[in-house]
């Protein structure tokens, strides 16, 4: 997508949820979008499918899927695109599955809506799909209703539903947030295996950097509706350049520090998206700001091979010029104990 | 709102309870005022009430005086709504009919509500056998058509306003009792009951001071809805010839007479029909407004 | 399945119990009042009077009378008429009239359900447009107008105006027996209730449309019609079905008045006549019949719940 703008027109003002986002997702990639609540990551994903709820609208920019201009698709083309080219799974599987319809039916419905499979094919694909997402006893399970599933299983069912039409891209909006920690790990593993086996690109949206580390090869950090940093996961974890990224990584609870150290959180409160701060949007909460940060908004700049950050200062300078290296962790991500998946 | 009563633990509870209540009512009132339909409904209801109060003392013509002009006469400047089949002034009878309508409507609603609240409270609060008995009664009679019961009662007891009120209330209390019972059951378990009980307040006091005020919102709404239901009920009965006996004018009665002369003079039936419909509409708007205003989870 | 059977069994017992309670209470209540059509309409000859009383068991103490009535009623014999056609067996008459009433009620309910749900859904989809505002206000007004006023209005329109407008080509004969006589009373009965259903459907749909699973349905690329009907409506109808029970009861109740106004020979009219002419056998019989009909109607509604919402199991 290029320079996407999505806004909500509310009675208290116009909220610029997404203010100029551009990024690409390549075939088979796993990309993570990270940020705190309200930074616009979910809205970005919804914009990709043109599912932004009232009173919001995409107000500017372009979205391309292959050579399709998504924002210009008419109703029929849009329906083809949704669920077939790009699929989405949502945060809370209990409320995201229709409680009065059988799970098997909901998956089958997804296939029947598109012309890819015939009716018999669709019927027969349900059980193998359930098996692929590791739901035990799928023959019996397809005739069950969502309330008869456990939380983890529901999420797997949602994944099965999303994969039914073999989409090229799957958007996962906080797929693990509503689940227990052990189940979280299983789901992430499942997603990783699916990406590897099927070659489906995954965009994972989360507020949890640890989750990104487990699954993604590339990460995009968002703040206040903008991208503030993006690049390969390993690199970002080792040397984050934007202070926000750096702070995010620092706030992951670490196993190796002495127990009396406090958990580090980011100071300040979330920005008001109706009237965002002037200059760099992060400056009110940034411990490394300089004069320029108050008045000029930094553009996204290349800071290392394949890595970009939106910052005047950047951590490199902070360490060298401000003597920050003496005071703080240079590489909070590396020490956090999280393994970035190889390959 | 709370009256001073010297009970152990009462003062502490009262201080804590009052701000919550006062704030809630003021808030609700403000919300009610903003609702255009509710306000219109309130105004209409007020007009009807005033009319009902005045009518026994003054109407343009006596309601019983016949042959004021040719029968079935239409609208004239002297008789703004025309004359009925006996030459009586329709406008005067209409005004007087409001008195009956409200007597029956408010009376039946009040009686049914009081009885229903009482039954609901003791069923929900004491539970056990009392609840079993009351619930069975409610469940058995809830499905019986209320009109038939009322009709039978009127025939047995005779016609008249008070009998009518009783006949309507006999089935009317069931709904209120169910509502209050449900409220009581859920409120019973809430924390402030534990607090009250722990400080030794008597059961009766708990019921009145804690449960009732919190259930008051839905109760008021339900009672408001009961009034138009009772008015329609009375009209039903009058149509069948079982309403308030003549010469007392009632809207249902006027409609009944008007129906008989429908071919000859359609205007006779219109006045009471519109009066009934308008009053019911007003109460419905008011009830809706109250319901939206009192519901703390108001969404627009 | 087993739970459903148990539940149905319980409800049937409740219906039987209700019938018992209703019939006995009505019976007692009536007999507390002296007189019956036999007495108001009495033959002057005292001997003849005694004969009649004996013939109809009216000289027995009334618990015994009730027992006789009950044992007959269970076997389907509802006794005999005491007034107009003295001695005429009631059961076939009542069955015929029940058929009439149920036909009227059926069409009224049909109208209520389809028009109500249809309009309610439409208003919900077009929320906050003028369609919605107009429809919502019209709905409140419609259900504030009681069925009999609707009857008046419809009668005035169909009988008077259409007649004069079309020079006698279209007119409404008030009565029963011809199929074209069904719409007007059914409409009069159904309109206000349809408005209530519409209102509730709208409110429910608005809630449901906001739900996550509807968003999922859109994300799957389903057509608008499928999303609305299959996903949204099915869930939205659940609270509507809840009021369907009391609604059907209200329609059955209202049919009494409508039958009276339109001269429709149904149970309602029979009931009114029996009360006015003090033919108490009929009163008890019809009352009980109504109680049973309402009981079954409510049971039918409650049994349809699990069809709609698989989370509900008896």
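All chains are identified by letter, namely A, B and C, in their written order; residue positions are counted from 1 within each chain.
The rule we apply is simple: a contact is a pair of C-beta atoms (placed from the backbone, for glycine too) under 8 Å apart; a residue touches a chain by one contact, two chains touch by 3 or more.
Being a predicted model, the structure only gives us computed values, none of them experimental.
Graph distance from chain A to chain B, where chains that touch are one step apart, equals 2. Ranked by the number of C-beta pairs in contact, the top chain pair here is B-C. The mean-CA centres of chain A and chain C are about 56 angstrom from one another, to the nearest whole unit.
For the pair chain B and chain C, the distance between C-alpha centroids works out to 23 Å.
Those residues of chain B lying in contact with chain C across their complex are 37, 139-141, 143-148, 151-153, 155-156, 228, 232, 235-236, 239-242, 255, 258-259, 262-263, 266, 269, 273, 276-278, 280-281, 284-285, 288.
Chain contact summary for the complex, chain A toward chain C: residues 49, 51, 53, 78-84, 87-88, 90, 92, 95-102, 109-110, 113-114, 145, 147, 158, 161. On the chain C side of its complex with chain B, the touching residues are 14, 17-18, 21-22, 26, 29-30, 32-33, 137, 140-141, 143-146, 148-149, 152-153, 155-156, 159-160, 245, 249, 252-254, 256-257, 260-261, 271-272, 275-276, 278, 283, 286-287, 290-291, 294-295, 298. Considering their complex, residues 211-213, 215-223, 226, 230-231, 234-235, 308-311 of chain C touch chain A.
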